[in-house]
Amino acid sequence: GAGGRDDDGGGGDGGDGGGGATAPGVTEDSIKIGAHFPLTGVAAPGYNEIPTGAKAYFDYVNAQGGVHGRQIEYVVRDDGYNPTNTSSVTNELVLEEEIFAMVGGLGTPTHSAVVDFLNDEGVPDFFVSSGSLQWGDDPEAYPYTFGWQPDYEIEGKIIGQYVAENMPDAKVGLFLQDDDFGDDAEKGVRQFLDDQVVAAERYTSGNTDVGPQIAGLQAAGADLVLSFNTPSYTALSQLVALRLGYEPQWFYTNVGSDADLVGSLLSRFSEGAVEGGSSSLDGVMTTEYIPGVDQPDDPWVQLWQKVWDEHGEKGKLTNYRVYGMSHAYAFVQALQAAGEDLTRDGIVEAMEEVGADLEGPQLAPFRYSSDSHLGISGMRVVEIQDGAGEDLTPVLITDIGDAEIVEDDSGQDGDAPPENGVPEAP
Amino acid sequence: MKARSHSPHKEHQPRPRFGAARPTESVRRAQCASCARAPRWCASHPEDPPWGVRPGGPLPPSPSSPDRPTGSPTGSPGGSPAATGAVTGSTALALRGVTVTFGGVKALTGVDLAVAPGTVHGVIGPNGAGKTTLFNVACGFVVPDEGTIERRGERLTRLRPHDLAGLGTARTLQGLGLFDRVTVLENVLVGADRHARSGFLTALLGLPRAAREDRALRERAMAVLDRLGIASYAARYPGSLPYPVRKRVALARALAAEPDLLLLDEPASGLGADDMTELGDLVQSLAAEQGVSVLLVEHHMDLVMRVCDEITVLDFGRRIASGTPAQVRDDPAVLAAYLGEQVG
Amino acid sequence: MQQLLNTALGGLTLGMVYAAFALALVLIWRSTRVVNFAQAPMAMVTTFVALVIVDAGHSYWLAFAAALASGLVLGAVIERVVVRPVEGGPEINAVILTLGLFIVLHALAAVIFGNRYRSFPAPFGVRGIEVGGTTIALTGFGIFTILAVLVTMGLLLLLFQRTDIGLRMRASAFNPEVARLLGVRVGRMLTLGWALASVVGSLAGLLIAGGSLVHPGYMDSVVVYGFVAAVLGGLDSPFGAVVGGLLLGLALSFVSGYVGSQLVALAALVILMLVLVLRPGGLFAQTAARRV
Amino acid sequence: MAALRTRASAWWAGSILGRHLLVALLGLVVVVVVLESSSDFRNLQLASMAYLGIAAGGLTVLTGLNGQISLGHGALMAIGAYTTALLLDDREASTPLPLVVLAAVVVTLLVGIAVGAAAARLHGPYLAGATLALAVAVPGIALYFKEQLGGEQGLRVVLPDIPAWVLDLAYFVTGQDLTRSRYVAYLAWLTLVITFVLLANLARSRVGRRWRAVRDDEVAAELAGVHLGRARVSAFVVSAAAAGAAGAMMALTVRLAAPSGFTLTLSLTLLSAVVLGGLGSLAGALLGAALLTFLPQVVTDIGVDAGLSDIRAAELAPLVYGVVMVLVILLAPAGIVGTVRTALLKRRLRRSAAAQTRTAGTNPTAPGTPGTPTTDPATTTSKGSTT
Amino acid sequence: MLTVTDLAAGYGPVRALDGVSFTAERGRVTAVLGANGAGKTTLLRTISGLHRAERGSVDLDGQRLDRVAAERMPALGLAHVPEGRGVITELTVEENLRLGALGRAGKVDGSDLERVYGLFPVLADRRAATAHVLSGGERQMLVVGRALMARPTTLLLDEPSLGLAPRIVAQIFELLRGLVESESLTVLLVEQNARSALSIAHRGVVLNLGRVVADDDADALAADDQLRHAYLGF
């Protein structure tokens, strides 16, 4: 729509931003981008670290002279994981702050509230921090929206296939967060081991008492539990299992398996009921699509460490922050690709053309193209030993639906960041 | 105000609160030439218009305010219960063998009581004898374990207080029970509300009908306030008013309903001698001139003896005596149980 | 069978936790006629105090004591500083005030202690006890919880029913003016009420946190269910609070396990409504009071 | 209070509706001017202020006039919002907007009857507890019936295209094209005005009078012929209906109905808005809604301007919000509107009293001068046992 | 001995007390009379510290009472039977009575309770009942009884006869007279019913509009017809 013609910062998307710039939020020497995260409230713990990571990396890039001589201005707004707030802060970001693009907005229900608005207004909506399918499976409907992380469905597929092949007679129990996360994943998993699943228990995030669910899995006699949950629920499920004396093989998804975090959570309980240290998840299987802090000598992690030391706030580097930096890296690359004269449609086209070739920490390439905006295409299965992942498979890639699972040959795995740590256009 | 109210020659002064309380036009004009006193309070004016209301709904133009328009026809259609109360010969209220127990406590045991229309019936008895409980039975707060209640010949079963109010029973509480956060006028309007007919939608849409009706109610209410001499307090909140005024407001609320049966629970408690006298006159005129039947609980013997046509005495929930004031007063049982040595 | 047992035991422990919190609400209701929504964040703050002490390498029990002590102080201070002025005013104001406190304490904790998950130690085992080969979902700490709650309930019953101080507290709550006439230092009683309630609240906080994760919002769900438990029992009765807590804990545990964890809250609503429709004053309210 | 309370001094004739409509008209003019002169962003903010205002208006009637406390109005809004979402699931959704809103109101109203009836006998904390449970229970239902109600993601709401005649009208009146956000804002505010007129009518009518009577003294009210149950349920239903309308507007503004949008926080903030603004006063409700809508953003901006990182600033916002709440309660116990009003009354009272004392021996508390709106029972001398 | 000097108090603009001075002798019943709104209740509330005095002083046996908090009064041997609303309806009858004894200096024992129960047998049957169920008069008895529990040396009674049956009133007055003689109490008795009040009072103070208009021996007052008609209504 046409913005109000008044002085209190209207202007909408009228493309008549400041200076000689080519798009809203873009000037000769600056680009303003925004994001919505839960910075307060129950969902905040953990997630509130992602933007600190991203910010650190943007500051780092700015210190290196920015992109095409433009400094990146990163505006973060709190939505308390409440869609209503998301919509109002997004309005503020787009209509008042006049951001060029939304980068890394977090959460499925929250982002759902604004995805229509962003696309109506033609605001690039990059790298939504959520593995839901809707961020990219339908570019027709949402041309401006791009996913980033591997969607939950392909994660489910890869895990499912691995289990089907390597543990054909395991009795599988599913421990699912009761939203798109759990649902998409279950869809993927069941493609391969529908007959092996003996129980599927759902927990409602926010309800910290998962005793009944775990008891249900135990009662069903599951000896392998595939858990699609957030880190805190990994810790909770482990604690409940202790209480129930339930010792299956645990398989946590990437999201929930932050060994470093969960380990520190589970450490120091009385009477050594839980062995301290991050080794507390040893033997647990999980997946991996970007290197995390458990691999300190990975070149990417070293870059992140450098960035954090130079530009981060107090507190240590965590996987949440690594996550933030990783998609910040991808966005900088997108800006490079979009070239000197930056427009909203320009950067979207650029992503559809070269997006699949973006360098970066991700182990498998993105799936960006004119008919898919889904993010990273695959991952590898690992087993945690001494708090670090040991590869069980090479990097496997696939796509949603019945696309088959193949080994990745893009060489994304094992690449290293450029010297200055700022990506070139692919 | 009190300066004048309590000056030695008060008989020939306007009544305290009303005189001083900056009388409304009507009130001042109403002052009787001979004694500069609101006619309705002046003993020398027997022909003064009766108290409260007259059968047949709309209020009569009270001489104390000739300028006031008569109540609107939407008033109480088809004659107020007062009419029936006065006409039908049957008893206004009849309790037969009423028994009430609370847990172990027998508050009432087989009490019989009949109130003839247009009479004042006193109920006295020691504290905890069951007087208030009797009232609670009569107006539906307490369902008796045994016994029956009749109003104007019809037997009432399991009617709740608001139903009975609709049938013309009004009651004042032993306390005050005023609505403290609304004005005096609105307190009375709530009492008058049973004469309104407009429904929820009318109110929601604020149709003219609602406004008309509201006006009628307000006139009713103001008339009652005026007759009780507290019209000038209409816009005030009860909380900070002098106690006797509040007592009158409570009374006004009951009268605004134009009941044919009026239950007064210790209406005189805490009142000064003068207010008590006025109250007495008021009660008598209500009964004598409107045919309102009054059931009165009081501990002030002089008042009871003066205004009651008949008295029932309760003790430990039983009726120990009943009859005319004279009979009761000399009844030894009553003397022993209630009056003690010092009578009146 | 085992699932049944474990769900029940889980419900039991959970219920006791609700009960603990409900006891705090009952205490403050009885002694000040205020429903304190800030009870949870107050407890949360004291729990973090304990956590700081544990992190400093001191013993759990020292931290435990410190938390209760800080609870006492916190309660007293809050009453004197912010609650005192609204006492005697409309009760809704007190409610809103405590809601305000709720928000403030939350925000403070997030800023001071950091808004992230942290683990909180337990003094006893968090492993289920072995009974004849099978482990049952009852931990050493769980037993501790149950005992702690029962003891607290006993103490509260004594305080209110047997002691003069309890009588004074109730009098001040019901009718401050008359209480003053009778020589009761009403102000002190109200402060005391808040202080004690906040101690019990802190205890609840420690019991919930023990052997689990804490973050500034970790008590929030307990606010609802603890309150519901208290109301179920009839806010005036410590015994009722515990019964209500157990009832709720068990019911919710089973609903969560056998129907669906999304309906837990709905179940709570249904139970509460069933009880209140039959007994508007809660399970253990005194018999229908005289109205006129 | 008094905004809704009928001026007892006024037994002057005149259509209630007439006066309220007049005020409403003025209100609408202001709305048009404000909306036209502010940016899309402001428009949307104002839209959310409107739906909060509608809900608060309903709640203030319930709590202020009838004395029932509700911690569950967020849940009622949710019901309105979900109804709307179900009816507006795609661009081709045929039901005209007014009907959609009406449906939302009716559905919520029906739920209100059920809840109100169940809650009719409850008081104080027991009512609070019941409504609190309601507030947390309802979102759970949406989660449980994933298929129909979209689970955690909730339901998208598709705002139907603006009717041509509306566009033309808008252009004709204002000379500007009507943006979608402004369209929503107009819808919300129109609904608000209508709701408030109706609420004001009720409050001023015998219905409202009976509500207040029940609030002040149930026994006396019953004796005066008020049907307690009916009075309390009707009050609840009315405010539920308002919440339903609010929910519908919220759905249109946010374009989503999701459980996480109707947390307990919503209900609680609504109640605080009502009390902070001034319990029982529609103006107060609106004021409170404004507070809710603008305070957080203002605070965050201040924080950022003060050089805090966005994240720190965001963490501070609730702190300030809470502090403001506490301060208002402490400094203006009767809420903003209420306190201002009592201040005025006190002034008038004092002046008249001064006048009185000059003419010796007249009643100090003279007629015509209203007493303080609420007199603390403890300070009023009163006789007879409480009944 | 209770001495009130130039006491003034009010409610906002309302002057309820306007320079009241009088003395209540120990071992005597002093009746405070006057029409509704004369300021009687305010006087008592101000003496016992429930209401702030704007001016003047109160002196009990040589100790300044004004500026002393209400809750300290019982310790000083002063008990106040408030006007209406005096019962804590949520507590049981016995708890109400026990409460009465808590404030006082000395030790409580059963005998106090028994004395009250002896005086008001109705209450004895009701020990365990919540005061809420009591009838109006029973409540009044409870309030009076509770004041006696404090074994006061000075007793302020605000319309104790309110809602009480004549016989009970007579009883209470008897009791007062007895106590005053045996334990030389100082009694300040506010009554509407001037006649019966004067019948037991030694002295009477008549208030009007917050001012003392008469202060004399009881029988002297009762004898003064003009005064009686003007202020005492009999």
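We just call them A, B, C, D and E in the order they show up, numbering each chain from 1.
By definition in this document, a residue touches a chain if its C-beta (ideal position, glycine included) is under 8 Å from a C-beta of that chain, and two chains touch if they have at least 3 such contacts.
Since the structure is predicted, the reported quantities are computational estimates derived from the model, not experimental observations.
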item	value
Required steps from chain A to chain D (each step between touching chains, minimum)	1
Touching both chain C and chain D (chains)	A, B, E
Centroid comparison with chain D (C-alpha atoms), farthest chain	E
More contacts between chains, B-D or B-E	B-D
Chain occupying the most central position, where position means C-alpha average	D
Most distant chain from chain C, judged by the mean position of its C-alpha atoms	B
Separation of chain A from chain C, taking each centre as the mean of its C-alpha atoms, in whole Å	38
Whole-Å gap between the CA centroids of chain C and chain E	43
Between chain B and chain C, centroid-to-centroid distance (C-alpha), Å	50
Geometric centre distance via CA averages, chain E-chain A, whole Å	77
Residues of chain E touching at least two other chains	11, 14, 84-85, 87, 89, 133-136, 140, 159, 162-163, 209
Chain C residues counted as touching two or more neighbouring chains	107, 110, 115, 177, 260, 262, 264, 290-292
Touching two or more other chains - residue numbers and ranges from chain B	2-3, 102, 132, 141, 173-175, 240, 243, 266, 269-270
Pairs of chains found to touch, sorted by chain label	A-C, A-D, B-C, B-D, B-E, C-D, C-E, D-E
Chain E partner contacts - residues on chain D that touch it in the complex	346, 349-350, 353-354, 356-357, 361, 364-365, 372, 377, 379, 381-386
Complex contacts: residues of chain C adjacent to chain B	287, 290-292
Touching residues on chain B, where the partner in the complex is chain D	1-4, 17, 20-22, 139, 141, 160-162, 165-166, 170-171, 173-186, 189-191, 193-194, 196, 198, 200, 202-208, 210-211, 213-215, 217-219, 222, 232-241, 243, 246, 253, 257, 266, 269-270
Residue ranges of chain C touching chain D (in the complex, touch as defined)	29, 35, 37, 82, 85-86, 88-93, 95-97, 99-108, 110-111, 115, 176-177, 224, 227-228, 230-231, 235, 260, 262-266, 268-269, 272-273, 276-277, 280-282, 291-292
Of chain C, residues touching chain E in the complex	164, 167-168, 170-171, 174-175, 177-186, 286, 289-290
